[in-house]
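One chain, chain A, links the two complexes that follow: it is found with chain B in the first and with chain C in the second.
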Partner chain A sequence: MAAWVETLLILLTLTNLTLVAMSRLGACIRTVALQGIVLGLLTICVHPHTPSLYVLLLAGGSIGLKSVVFPLLLGRAMRDTHIRHEIEPFVGYGVSILVAALALPVSFWLGSRLPLPRPASTLIVPLAFHAILTGLFLIVSRRKAITQVLGYLVLENGIYTFGICLVQESTLLVELGVLLDIFVAVFVMGITIFHINQEFNHIDTDRLSALRD
Partner chain B sequence: MQLLFVGVGLLLASGLVCLMLSRRPRAVAIVGPAGAVAAALLGIVPALRVVGGEILPPVQWAWSVPYGSLTLALDGLSAWFLIPVLVVGGLAAIYGARYLGSYARYKALGPPWFFYNVLMASMIVLVLARNGMLFLVAWELMSLASFFLVMFEAEQESVRRAGWIYLVATHLGTAFLLALFVLLGQQAGSLDFALFGKTGWVGGRAGLLFLLAIIGFGTKAGFMPMHVWLPEAHPAAPSHVSAVMSGVMIKMGIYGIVRTLTFLGSPAAWWGWVLIAIGLTSGLLGVLFALAQHDLKRLLAYHSVENIGIIALGLGVGILGQVCGSPVLALLGFGGGLLHVLNHALFKALLFLGAGAVAHGAGTRDLDRLGGLLRRMPVTGVTFVIGAAAICGLPPLNGFVSEFLVYAGALHGIASLPVSVMLSLLAVVPGLALIGGLAVACFTKAFGIVFLGEPRTPEAAGAHEVDLSMRLPLVLLAAGCVGVGLLAPLVVGMMAPMLAAVSGVDATATGESLAGIRSLLGQVAASAVLLLAVIAFLAACRRRLLAGRPVTSAPTWDCGYAAPTARMQYTASSIAQPLIRLFDVFLRSRLDLSAPRGYFPQDASLHTDTPDVFQEHLFQPTLRAGGRLLAGLHWLQHGHVQVYVLYIALALLAALVWKLG
Partner chain C sequence: MQAVVSIIHWLVALALAPLLLGIIGRTKAFFAGRTGSPFLQPYHDLRKLLGKGAVYSHTTTWVFRAAPMVGLGAVFVASGMVPFGGSPAVIEFPADLILVVYLLGLLRFATVLGALDTGSSFEGMGASREVQFSALAEPVLLLALATLGRQTGSYSLSTIFVDIAEHLSIHAGPAMLMGAVALLVVFLVENARIPVDDPNTHLELTMIHEVMVLDYSGPDFAFVLYGAALKLWVLGALLVGLVIPVHVGIRLIDSLLFVLGMFALAFLVGVIESCMARLRLLRVPQMLIAAGAFAIFALVLVLRQT
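What follows is the complex of A and B.
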């Protein structure tokens, strides 16, 4: 089972790296959907012995939300706003992938220092960190509101991965909180994207700086 | 205790229902006050039983918040502060039902009732809390709920300004409280109050904690110079909220100070001097600034500062009594201060509700636009004069009793204590007398300008008495003022267990010391009854003499004025002018006068304005300098969401690396 867990984790990291280097929004959304499936499978694999109803529900919920509902919502936002590409990100794609790659050793260092109960695989904590850092990086370095929502989802995926490796009894609480969080975030961002587009005819968040005090 | 929890539950539930029914003002005006009144009726039972000497076991539940536990207990001190919360909270709710009704056409009434009930619930939890975390949560809830209530008419620029001043002031105060509880918890090893009391506090540490408590709690209580939010926020809030804020909420600051004193064990003499100095400053400057105001509610707000000063004087005298080992002095000081807490709650709530009735009936709170309301609003007028006499400390009302205790304490101390302590007490007696005298002057002005004479405007002439549901709380509060005044020996007797606990005097010594005071108060009450009998006799004589004779009204000053107008009367400025000029060193009133010129003057005008000295010369310059300093950081705020997230991410990462590295 450990081999499966590590394979899935590496898949997660690869999707992260892909996401950083991608400019077409449609493909980005599909990649995040793929991450959702990976995480669902990961939930099952981390609890190998008894795939209880609770774990199955968690996995099902995760896959359903992260790889079906959110991509549909975001896809619609994309169509409504007629945005296909992330043009001119703050950080170019080449540099982005370099940053994401550099984040890996940082995450491994952080993971090695964290005093945590030993999880199912030594890779879980560093790679969860990496997902969190990548998500943050996406939010910081991209212009379009949709890409920022994707960054937020990646960040949440990282926290989710982190959560399933920790104490297994309290995961339900963690999960419910996280899922609710994302759900609200997607809704709010969806509405915001729509309204920003209506008002300003674009969804470039950096051009909103005129709204500051 | 269970009754109190049910009460808190009812308050929160009715508040939520009000929020949901926000579109139906009639339903809200029933549900909100009903919840508050029911909670008051339920809660008063255990409060009175505990004041009567019963001991209830504390209640404890686990709480998932770090360092927090839901530890609640009702001892004498809590019960003593709980009584004004419940009495004033309940009566002001009855009053508010009708008062807020006049806003129903253009404002949602759900939120104000929600916040009102939350305010009341948070104050109940606050006095019951025995854990620092729970205490601070209740404290913040109380501050926020009252902030939203102040902001009720936020469409007005002045109200928004008042609201922000209040929010900033209250959070500055909370910052000191946070430091206080962190220091207390650090040494005691837990945030439970029970452990604070058992930790021995020594010298410097105890003094630091005392000062933190004075600043943190004093900001809420309204000690000068931290009082600046009071004269802004009280006039801005709806009147029944002002009554609760001024009558009860600022007392929570006093509660905090007294509670902290019980943790800190034996006090140092300079604590008493600090409290006496604060008391004299707040009392004198409070009443002087009140004297210079033209807005009825602003005037009352400054009187709150004055009365908080009197309470601080009482506490200071009590501390000196503890230091010198004089139980009589300690009991008289704490007794006077704490009794004044209850008394001020009664008469200040009465006066604020009366001011609200005036604003409701005549449409303005500006003294110079009122006049002659006693005939038009007899119940409001009579209850207002009772409240005014009580706040001035005149017998036979309750204000006299508590000030009398402080006087008695100070005089006893002067006669019996060493010179070093005696000198500070020597300042208390004339200070208190001066405060009382100026308060009489101030309420002569307030009552005279508003209720006597002729109406100055058509609105005042057309004023009408308020509804029964608004008159009832006025009458009950006035009855409370008279009742506490006449039953003073009983009330002081009831305070004995609590006073013994607060002042650290053992119960038998307390009984002995209080016996003398009670017999003295008995004589006072007897002479008060006599005074009332004389007043009744004179009234009967007047009635008898006037019976069967024509009573007519004629123009005032009908001696040579061809066309007297109401504008020839004393104004709010002119009646106070001699005293204002005398104390101009402190007040710095602005006078804007264009005097009449020539033999046939065309126009003339006079405008006086007395802004708060501390706000003008202390806080505004300091805050402005701080603002200029921080403007240098403005480049950090440029509106790019991405960079804001980058700040957060870098800060988190740096914290993580620092912790793990």
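What follows is the complex of A and C.
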């Protein structure tokens, strides 16, 4: 099981690395959907003994929300706003990959500074940190609102990984609550993106700071 | 006995290197629906070129004449340092992987100097691109080799590849896979293969490696071609040694397995060249940085294990 957990975590990190290198929004959304499936499988794999109802519910909720509902919502927002590409991000794609790759040693160092009681694998803490860092980086380095929502989801995925691998089952209820929260958040953001686009004909968030009454 | 086997392996490498080019050409011809030139065509080319005289431009100096010999010499030594089939290489000492990387660097340096010496603007442009891409490819190669070295606890290529199988566990799988991907990208970039450079292109403006050797003729060009074939073998041997790590224990079978692996790699290169278009020049550094990300990730994973 430990090998499976590690493989899934590495897969998660690889999807993060692809995400910072891609400009097509459709492909980005599908990659985040893939992350949802990986996280669902991870939830089951870290609790190997008997998958209880909570665990199955959490895994199912994660897969259902993150890989079906969110992609549909975001894909709809993308279609409505007629935006296909992230053109000219603040940080170029080459530099982005480099930043994400160099975040790896940093997050491993952070992970080594944070000893936790019996995690399922030593990779969990560093790679969860890496997902959090990548998510933050996506939020600050991209122009389009949709990509920033994706960054927010990646950030949440990192926190979720951190949570499921460390906490015991009793607190899984908290995780379910968090899932519900981000569902509402993404739902609201999808609607906001649509309205921003209707009002201003673009969703470039940097241009929103120059608004006047 | 071990020394004899190692020398035989070196001779096999020297003899079979041009055949890889033949296999790549034949595979591409097959995909294009042509018959293609025979497998031994690169040997015939070399023989024909060696029999001809060389023509030198008046503007060139001794640098231009020395470059092919220096380059071939460097890659010739490098080919003696890469082991295969479970036997150590002829030349081996601790940390020799750094020397192999920089012998390949010396080959590149000699080619670039020769290209600049002609004074042709096309060749200067090719040299600039070659240096730009290899500046990015070299750290990736070193990082990937460092990953292997860390995993096997030794920085000599011979030791790494002879007992690589003993050091591989299921936990090392993803790291080794990412190392192999990084090595494959370096292999394609350094040998001027298609996602980066088209070896058969006819327009000087789009060439990278081929444009640098436009002014060579006769034996000098034979040296350049043979040097390129040996470089293909050296970098390919690193990749195949990693992908086929298991050794049966019988020398003949291990060696045959490795040579078949090299042929399969040449076939794979032919398939990649037939299926892919050349990347835009701006995209190539991105691909190399991505390969670098793979190598860094692999190294970090391996460092964590110990």
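Assume the second predicted complex is superposed on the first by the 205 of 213 C-alpha atoms of A that agree within 3 Å, B and C clash if a C-alpha of one lies under 4 Å from a C-alpha of the other, contacts with A are read in each partner's own complex, and residues count from 1 in each chain.
In the analysis below, contacts are C-beta pairs under 8 Å (C-beta built on N, C-alpha and C of every residue); 3 or more make two chains touch, one makes a residue touch a chain.
Being a predicted model, the structure only gives us computed values, none of them experimental.
A.B. asks: A:Phe90 in the overlay: touching chain B, chain C, both, or neither? Say first, second, both or neither.
C.D. replies: first
A.B. asks: Tell me the contact category for A:Thr122 with respect to chain B and chain C: first, second, both or neither.
C.D. replies: second
A.B. asks: Is A:Leu102 in contact with chain B, with chain C, with both, or with neither (first, second, both, neither)?
C.D. replies: It touches chain C, and chain B stays clear.
A.B. asks: A:Arg142 in the overlay: touching chain B, chain C, both, or neither? Say first, second, both or neither.
C.D. replies: A:Arg142 contacts chain B only, not chain C.
A.B. asks: Looking at A:Leu110, would you say it contacts chain B, chain C, both, or neither? Reply first, second, both or neither.
C.D. replies: It touches chain B, and chain C stays clear.
A.B. asks: Looking at the complex, which residues from chain A come into contact with chain B?
C.D. replies: 90, 110, 113-114, 133, 136-137, 139-143, 148, 205-206, 208-213
A.B. asks: Which of the residues in chain B end up touching chain A in this complex?
C.D. replies: Those in contact with chain A are residues 637-643, 645-646, 649, 653, 656-657, 660-661.
A.B. asks: Which part of chain A faces chain C closely enough to touch in the complex?
C.D. replies: That would be residues 3, 6-7, 10, 13-14, 17, 21, 93-94, 97-98, 100-102, 104-105, 108, 122-123, 126 of chain A.
A.B. asks: If you look only at chain C, which of its residues touch chain A in the complex?
C.D. replies: 170-171, 173-174, 285-286, 289-290, 292-293, 296-297, 300-301, 303-304
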